[in-house]
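Across the two complexes that follow, subunit A remains constant while its partner is subunit B and subsequently subunit C.
Let's turn to the complex of A and B:
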């Protein structure tokens, strides 16, 4: 699942990963929590700053539903917000802008 | 004599407070009485300074007062003080220690920085929003570029895509510099930093050997990391050095840190311009923000930076930062 409110970023992540994985898109934290319950995705790529519910809150909610959830943060605020995401339960945080190679490497690491 | 001092204190337009070892107020001048709640000079004596500051700031203020009387260095800090209308305003506190008739006392002055702090918060919100949106746009641009390069293969326009890539990288670097600068300015609190630890950690991100000689503890914050990142990056990118040495020694109340490289050196004609905002030089020119940021950070730490020639070749960036333990 890719959780990202910026339409262009969401589209490009889907383009980058669409040929390798089935992607469930979500545009805010609340939608992410709802879709997590429905689809139980293997890995979640989670943006931080989003409307309705931000990435930190969404990570906490998903971890309550499934403590084993594999969540990877995507952020422009790697230092501060990244730390908050990790404290909320994210496995690691990738700083924007990221490359296709970076995304695939991190996803593969947690799919194993 | 005491009356004269009181008169002088009252004539001073800057609010100040004198307190004893117990943290109790011995004297406040008229400017303080005017800014704070309605209270007479007699009533105020014997009260705790903490009676006037916001409860959340009490511990910080108390610690600072205690440390100051114990002879430790205390950096300027902010507290909220209730004004006569019951609203909290933000004051920057600067203090010192004195001795009178065998008794040690502390003195603090307060400068109203409320407006400045409010503007700072507004600016912070704006820059963060801007940074977030620009980085998202660049993330998308970089991804589309990656696809374009794949589609292009060895096509004749590949060099144009490479130039586009360099432009995106440059934009990302500008945004990251802005972030470093914002963190350095906004976080405010300076602390004890072990220079050797920072240098060794930064060096892990570079492919050339970085030799560190001696160590120093200085007054800084995590922006010190940004300083070394920029200096190392410059030495490699502009100077083409194959190694860096970082030497440290105490010079009076300062720690002198010499970042030595063995590259091409800096031409004499640009030496006095390299720390200017936006100054870029040569084929490897970057954003022109790196050394400007370095200088601003060093100034914020109360230090100095300059550049010298290395022998037989290369440059030496000399940083003088305040030692932590004076």
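Let's turn to the complex of A and C:
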């Protein structure tokens, strides 16, 4: 599942990974929590700064539903928000901008 | 026989016998005999004639003429002899003989009855006499009233053979109290007897007590006065009773009540003896009581003389004939040693002649001799003491009774007291502390020089006047002072400071009051006064300084805590108003963001014009024309105000306004002292507030910056993705990526700057927090 409020970034990620994985998109934290309950995705790529519910809050909620959930942070605000995301339960954080290779490597690491 | 003949016969016969009868009986006897003879002669049955003779007549004849049967026989013989002289008598001789026999028989019967009655009467009299005798013996033997009455009752029953007896005393409440009883059955305690006019007071006992006369009930069963007690009495077999009054000192104090088993048991003679018995008992009671009283009185006299605390001597012919215990103690001689000795042995030798002269003068001309005087006495060891002597001649004798009150100890005490007084007087007069003695109505009785110095008055202006009349107290504070004073009377008086005015200058006196009491009742105050004016001024200054520091510290703390300057000054005006004692206190801060805080709150319009380059103190009542602001103040009831500018580092930051309803000068001095420091504090507070706002702006900027960078990275990420996906030309891909990398590099540089800014902001925040913590801990 890719959680991102910026439509261009969401589209980019879908284009980068769409040929390898089934992608569930979500545009804010609340939608992400709802969709996680429905689809139980194997990996979640989570943006931090989003409307309605931010990435830190959504990570905490998902971890409450499934403590085993594998969440990877995507952030431009890595130094401060990245830290908060890790504290909320994310496995690691990738800084924007990122390459396809970077994304695949990290996803594969947690799919094993 | 003819009547005349009978008359003649009787005439002759009566001549012989008339002297046997008392004159008042003679006619009756003669008439009766004539009647009897006539009846017999006329043929009437002699026995029926005798039948008609009433026994009362026979009884009278026996009693009043002392006739015995042999006398009657003799008289009848004489009559028969007289009758026999006449022939007519022969026919009735036999009948006459029958009459004489029948008459004699009847007379004998009466005679025997009378004899028996007399014997019974004598028996009764004898028993009463026996009772009287035994009672008199008991009276001489027994010294206790109750015991005596008990014994008398016993004697009356046991010796007198009466059924029951009790003695009752008449009580004040009209009841009759049983004091002694004898005989069977506890009758006296089973009945209720009074001596009032109620039912229980109408019986023999009540009557005897009320009337003072003996009251006899001849037949208890039938006597109406006994109705109340009849049942109880008959149950015990009592048939008659007598109640005899007991008199003590002429007053009836009770009754002796005797009960007999027979009806009509008390004849006159017996009654008279019983009255005598009651009198004896009465007299015995009186004697016993008198003796007891006398003994008590004697004991009292003895106790008085022995315990009066005064030595008492009786002197006759210059010699001691009586001395009490105290005289023994005073002289050191025993009573036996004193007896018969000249009284002068109790005097120092050199005084003896003079006292002897007074003694002789007293006997010769008592009115010229002093009755009371002070002497020196000497005891057996030659020790000399002092005594007050009171002497007087016992009326009708040559004896002098002398009492001596030993005043040696008092004299010593007086001496010590005099010495002590002198010492205290010196302390009183020389003391640097003021000492005032005042009565409970606040009148000044005495005071020392120190007091006069404190109040700036002369002694004659102070003594005899009340504290409140000295015009040294503030009239407004007098009421409180009086309250304190009255609290003091109930023992709550504590040390207090008094403010007085001497020659227009305020002085402070610390008063330590001591309430003097006699037998628990306050009668005076001793007030120790200390002039604490200098101390008080120093204290006030210190207090002001402390309050100033406290107020300034509260401003500092407020600043450090980051308190809003408006809130800070709001708290401050309240504290200042209380301290200064004015009615309105306001602080106006000038400048673009200027504002006013006041307590109580006053309209902004009123203070907007408050300003002054220099300090001003204005009494509105003394001003000819008023500004708009002053009119507003006056409308609010203020008559006086002061404005003090707040100037720090040459900048005028604001003003303090203090206004009051009274024209009296308030503590503006305090405001004056605090104004400089307050201005600096306000300056700093304003500065601090500006800094705080700047920090807030920086923090806001940093936050904005971070968001901006984030927003740049998103399109960068998208652009990089799109290049990777859509651009196939490797050269173009490389070039676009190079440009994107440059942008990323720039963003990272910006980020580094942001990190630095954030670190600075963090540092400033920490420093601000640390400063606050540090001050709070001091």
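Note that the second predicted complex is superposed on the first by the 112 of 112 C-alpha atoms of A that agree within 3 Å, B and C clash if a C-alpha of one lies under 4 Å from a C-alpha of the other, contacts with A are read in each partner's own complex, and residues count from 1 in each chain.
Please note the rule applied: a contact is a pair of C-beta atoms (placed from the backbone, for glycine too) under 8 Å apart; a residue touches a chain by one contact, two chains touch by 3 or more.
Small disclaimer: the values here were computed from a predicted structure and weren't measured.
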| item | value |
| --- | --- |
| Superposed partners subunit B and subunit C on subunit A - clash or fit | clash |
| First, second, both or neither for A:99, with subunit B first and subunit C second | both |
| Which superposed partner A:76 touches (first subunit B, second subunit C, both, neither) | both |
| Which superposed partner A:110 touches (first subunit B, second subunit C, both, neither) | neither |
| Which superposed partner A:16 touches (first subunit B, second subunit C, both, neither) | both |
| From 26-34, 404-412, 548-556 or 584-592, the subunit C stretch with C-alpha clashes against subunit B | 548-556 |
| Footprint overlap on subunit A, comparing subunit B with subunit C | 6, 8-9, 11-13, 15-16, 49, 76-77, 79, 96-100 |
| Contact footprint of subunit A on subunit B as seen in their complex | 128, 131-133, 135-144, 146-147, 168, 172, 179, 183 |
| Partner subunit A, residues of subunit C touching it in the complex | 706-707, 709-722, 724-725, 740, 744, 751, 755 |
| In the complex, subunit A residues that touch subunit C | 6, 8-9, 11-13, 15-16, 49, 74-77, 79-80, 95-100 |
| Interfacial residue positions of subunit A with respect to subunit B in the complex | 6, 8-9, 11-13, 15-16, 49, 76-77, 79, 96-100 |
